[in-house]
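Presented sequentially are two complexes of subunit A, the first with subunit B as partner and the second with subunit C.
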Partner chain A sequence: MNENRRRFLKQLGTVAGISLGAGYVSLAPSGWPLSLSDPDGEGGKPREKGLRLPENGFAVDPSNVLPLLGVARGADLDAMLKAAVDAIGGIRRFIRTGDVVLVKPNVAFERSAPLGATSNPDVVAALVRLCREAGAAEVRVADNPIESPAACFARSGVQRAAIDAGSEVYLPTPSDFRLLETPGATHIARWPFFWRPFAGVTKVIGVAPVKDHNLCRASMTTKNWYGLLGGRRNQFHQDIHGIIADLALMLRPTFVVLDGSRVLWRSGPTGGSLADVREGRTLVASTDSLAADAFGWDDLLERKGEPLPAYFAKAAERGLGNPDWKLTNVREIQVG
Partner chain B sequence: MGAASVRNAPTGLDASERRVLNPRPFRVFRKSYSVTEAKAGAVVLLGLVSLAAWVVWRGAHPDPGLFADPAATAAGSVAIADVEGRRAPDGPSVAGAPRAELSGTVPSGGAATAVDRGALPASLSAPGWKERTVSRFDAENLYVKINGRADFFLSRGFRSLTFVTLEGPSGTTVDVELYDLGSAENALGAFAAEKPPETKASSSGGTSWYVARNALFLARGESYARAIGSDESPAVLAQLEVLRKAFEGAIAAGEKPWTVALFADALGLPPDRLQYTAENAFSFGFARNVTSATLDDGETELFVLPAGDEAKAKALSAKFGEGFLSYGEKVEAAGASWVKDRYLSTFSRSVAAETMVVGVRGAPDLAKGAEALAKLEKAVLALSPDVAKKAAAGPPAAAKPTGGGYE
Partner chain C sequence: MSAAPSPGPAHAPGKGLALPSWKPNLAPNPDGSPWWARAFRITNIRIASQAFFFGLFVFLLWVTWLSRLKGYPASLFLEMDPLVGFATALSTHTVYRHLWWGLFLLVPTLLLGRVFCNWACPYGTLHQVTGWLFNIRSNKSRIEKNRYRPLFQTKYYLLGVLLVMAAFGSLQIGLLDPICLLVRTFTVTIIPAVDWGLASLAAQGLTSASSLLFKPATPEPRVFAGAWFVGALILGLVGANLFIPRFFCRVLCPLGAFLGVLSRWALFRIDRDVTKCTDCDLCLKGCEGASDPQGALRKSECFVCFNCIDDCPEDALTFRLNPLPSIAQLVKGSVKDGTATLGGLPVISKNLAVEVKAPDVPRRRWLFTAVAGVVAFPFLRFSKDVNKRGFHHKAIRPPGSVAEPEFLERCIKCDQCINVCPTNVLQPAKLAVAGLEGLWTPVMDFSVGFCQLNCTLCSEVCPTGAIQKTSVEKKLGLGAYAEAGPVRLGTAFFDRGRCLPWAMETPCVVCEEVCPTTPKAIGTYDEVFTRWDGKTVTLNKPYMRPELCIGCGICQKECPVVDDAAVYVTAIGESRSDDRTLLLSGKKTT
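So, the complex of A and B:
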């Protein structure tokens, strides 16, 4: 009987051990060792290897001598853009012969250009021409709009202007997105990214309009990188300032152009009424997105004195720019 | 074929216990095997190995759709057209777009195939204009159309958006957005919130509207409409006028909201000044279903909200008092307690008026604030019990996204 009891207890122990083990692996929270818990089904998906952008992004060597902000005012957009870029070192500081350049405008909405919800197509065209004149082997224009990409690019006029100026326009398709790894990012450490236009690119330039924004109060060059994200990016609006700070970390451009030719000063980001748009007659070029955006906040949105949106501080804390543009070297030029 | 097995089971156990406690579970008692069994076993084994191999192979070659941009995939037919279009065969290059789209005559909307028109009138176009495809959006996919602005409507009872582009002569367009916001309060609230302060709206026959250069904004019944012209040419303005008349003729004005009767009819304030806030009014978590209107000075704000019964109204009024006190200090005037804002030097006060709470907020002049509050209180007390009961129910709740969209 002792032998039977011993055998019984051994078998009972085995069954109990197996049950406890099975219970643990199935019920333990997903982060625990050996846990098989997969509440959202993501764990069952194959793990794609993420891509990474270059270590220092697409930035050129910083300069202690040149101005950080080039501000051009006037009416001739080509001359203004050249003057603004010249102020920060000239286009040849940034673009070399043979470069493959990606220009990222904001074409988020299906709105005609005068409504100010998208980058001015004439500014995009001027930028493409400037890069071409500097010897760029190829200039690409790409964005992942909110609405139908084809409709947004056509209605905004960016498509026609960019092509006529000598660039190739990339519209997003589902297969153009790859997982991008952004170490240190809060929300987009691994996130689908509009990758296809980046293949082989050596320089990246953002060109963004100056817009009021319903959630983050202002959408300018830093928020513009949102248009490179795929996936359920709308969920980021729950922490809009956090995601914009992540965007500054994700993409460090060669330089940015703040398109203040028109200013959507209210009812943003979609706008709709010409009464919400005023002439800005200003273009800003900078290697510091935060400085350019802070200038836009003070000078173009005319919100000087109001506290900057929270994303400025969040991005500045990570060393991604200097929102205190008045402390930087600024060169302002009147064109014409 | 099979041989009889001889089991060496422990003694002293009954038959059922012997089955459970087999002391030699891995011993094979059969002396020979059925060839059929062996073949069947081999087939099953082969099947399992094949299955395992297929799982391993699929793991190494996943469906690209798993990595596709869900937003683009959700864009339905338009996104598929983009994929299929790819590169233009000649002329200027556009990666990912059909050649025809270079002309600008692309289908708009982006998120939906042709659907029912909802409250959209059957005939919208002026002579020489034509409609493109109608598309509709609900709370789940509104972000596809107006990401960034979606929350504005979701917080105002949003139910659906019907969208259509009208195409006119010389490539001019008018984008028509018709929002079903579930109640007249929400429609008027959205209308008032988007109206520039310097713009004067017109109100007649249950319609409030104004034209801001190239765009028509209109609230009628539960609907709020925006018609956005590509420019402010005479053709666009004529089309906007056609749209206004079409909306007036086709959309039910519905019953006049009690808040309009209160603020517009009884107090003489323009209906387009009414603001309805479903939750968290004035940043007070307890303030729900609040309707407010600003007086002519542009600063003094009158507000009213139903509390349900008199006791609740008194308690809620006291909460407003505490809320105002967090920004200032108490002052007494003509036997009434007011709160003076320590930063703005404006005055606020709330009182219970039967089952409602009424109040004034941000009054730069205490005497004028008191006068306005007295008028509002008197008007509320003159409301019929039926209206008060209906008001207490509040407008229908907003359609909330259930997941995936706005987590």
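So, the complex of A and C:
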């Protein structure tokens, strides 16, 4: 009798426990511990917190005495790069011992290097070596191409060159993207960003080819940051100039290298024929990507006299650079 | 009744959990053989072989990727599958590229029987491991489950129908061939699932997990049409082991049936010594093939797993060269009276039958399968989807594919091409696109990916030449192929009603930007336009130059109207077909 009562009470306890427990988690106000209550359906929505890049980006202190543009002409890319960077203060102005450096080339398409649709792998390698020699603890090379990443990095030669020069190559995988917040941006205030290569990075250097572009007329160092984004990039073309101005706001680099070793002067940004490419024999280094790109427009694309594409003015309005490169201090060096 | 725990050694106060003490047992076996003979038992060697081949199978799928395919024979298992070689020889009258490698499996089968099934077949291993892992049966129940059943004839009927259809030019062995089936299942379901898990681990901070990814450097997770169905099939087929051990291998496997037919000539088989056998049936306990080792061994069913030899308490079973097919005439005396002797030794077993040579399929039933195959061919081929007259506009084949009728003679639906495709554009065809005959064959879906310009990997891994080995020069129409021109997969079309510049006063032209041909196959009519709200915009309205379009589909993939793109590719204009050319000037002269 006693045992029977005990068994009954246990059973009753289980019934009451399950009922009360289920009642609590589904009905208790949403602030209470263990409550799952969600009367309006808002509670179940994902709320990803955006990441932010450092306030001033990755820029070093500005200088009033050094030239803003270093332009090196010649054929020896290593020496040219060094000369161009020396002109704006030398690599040690930018890279300190222990820095973790991200080098961002343009590897958007699966094209071999001579077709000029991607950053010259030899320039990428020279830049990696330069950072290494300056004491960088780690150099990373990353891009999120339009076409298949593995194919683009292999065909362009950037992967092999970057690895051989002593850097690590980051190709995008689904888990590599996080929401980035860029306050003040018109279109990409919150946008998926290729985050993994940025973890722990202290310096960022862009290295972009000089390319004609079907829509925005010219793709150089500023548009190059496009490759750091994920998500629905194919909407960008609806306001490409606004997007490029946003990109300039999103990423403030340590410095940029405009790779004018080749110039894709028509059929950009994909090209595909050697007839679309001419030798540029020029490398430009600058802390101002607008100045570098404007120089590329006048001197390398040889469109001097034609008005600059609208994104220059939009970015300059935000104080992100000076497209009037003739007013800035330029040092030009002939190498070899 | 009492709720108090009963005291046991594990709960004894002052004592932790007692670990069993382990000491190596180095004593010799009862028969005098040394201790290590126990470890080197033939069944252990068999397990090692199965593990090796399963590992090799997974490894070869892992290297089936742009950055890893450095001369590895990625499709080795498919190319060594003699059913693939034999059936494609029936359908095409040729033996493509590496398919002669089927001899590596054919010859051992003719010597030893179906060793492949239990020593190398990765699908067989999967079934055996499942049965072993989830076994809840008593030994008695296992013995009953491992007896031969007439149901096991099914695989021979399937084989017969599939081979007759192949002879007519419809190759359907890939629906059930275990290697094709398993490669397809890995490609479409298991690899994406494993990569999903690995990526989650990597996102949690275990970064080394990402180096194990089957498909590294893909910005988005890979998706496959009808993956749920392929996944449901493997769960069902593997789950069937819980009801009938080795269900697939015994009942459905056409490769097993093919090897079973060949096994009738095998020189070796399991032989039962009737002077030792006590008819205890313990040999059935672990019999994988349900081949009746306790009586007349069914040569065509035996997987040569050697479990029976291991389990026999009397050592009555041996694997022997050239055993006698019948011993009844050599036995003296009467089995019934217990006076029978064989070679001077008393016969203990009551059963003197020792061998059933051929598959248990009566001749009239073979005839039925032949008739069924003959009839099934027109049933399938005159389905509109695969017929020349009704071929689906979305059945866009990979570059290098032979024309559709030849394609259906060759494609085994293994989906290796889909596995290696870097952009995920290759998808297993659904019934709605390709009918039953083309089910799971590769088609391009440009809402998922696009055909990478300089990539010919699918043609590299195709074991049967449905996608002929194609160089980049041939694909792009360069050098010696300039006359023939590039391989065209189809042609892109604009839907002006959905296109942003054409229909919505909004700038765009992503399609022109990404078009990879030189010169671009997409041009624009440029127009400065005053919008409804008074703003001035420059609209670059795109149009197609069909003689330049190769149908790669990157325009469709990148079109911002993502759900139903404003530029889309259909199969018309594909260069592999004379029936579906588009332009008069593009017509082949042959």
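As a working rule, the second predicted complex is superposed on the first by the 291 of 336 C-alpha atoms of A that agree within 3 Å, B and C clash if a C-alpha of one lies under 4 Å from a C-alpha of the other, contacts with A are read in each partner's own complex, and residues count from 1 in each chain.
The criterion applied here is as follows: a contact is a pair of C-beta atoms (placed from the backbone, for glycine too) under 8 Å apart; a residue touches a chain by one contact, two chains touch by 3 or more.
Just so we're clear, the structure is a prediction, and the values are computed from it rather than from any experiment.
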item	value
Simultaneous placement of subunit C and subunit B on subunit A, clash or fit	clash
First, second, both or neither for A:231, with subunit B first and subunit C second	first
Which superposed partner A:164 touches (first subunit B, second subunit C, both, neither)	first
Subunit C versus subunit B, contacts on subunit A by residue	B
Contacts of A:309 with subunit B and subunit C, given as first, second, both or neither	neither
First, second, both or neither for A:8, with subunit B first and subunit C second	first
Which of subunit B and subunit C A:239 touches, first, second, both or neither	second
Touching partner for A:48 - first (subunit B), second (subunit C), both, neither	first
First (subunit B), second (subunit C), both or neither touched by A:150	both
Where subunit A meets both subunit C and subunit B, residue numbers	109-110, 144, 146-151, 153-155, 171-177, 213-215, 230, 232, 234-235, 237-238, 267, 269-270, 272-273, 276
Touch list for subunit B against partner subunit A, complex	10, 12-13, 21, 23, 59, 62, 64-73, 75, 78-79, 81-83, 85-86, 92-98, 101-111, 143-152, 173, 175, 194, 196, 199, 212-215, 217, 226, 228, 230-232, 404-407
Subunit A - residues contacting subunit C, complex	3, 109-110, 144, 146-151, 153-155, 171-177, 213-215, 230, 232, 234-235, 237-240, 267, 269-273, 276
Subunit A-facing residues of subunit C, complex	1, 65-67, 199-200, 202-203, 210, 213, 216-221, 422-423, 450, 452-455, 500, 506-510, 512-520, 524, 540, 554, 558-560, 562
In the complex, subunit A residues that touch subunit B	1, 4, 7-8, 11, 45-46, 48, 108-112, 114-115, 144, 146-155, 159-160, 163-164, 168-179, 192, 196-197, 213-215, 219, 230-235, 237-238, 266-270, 272-276
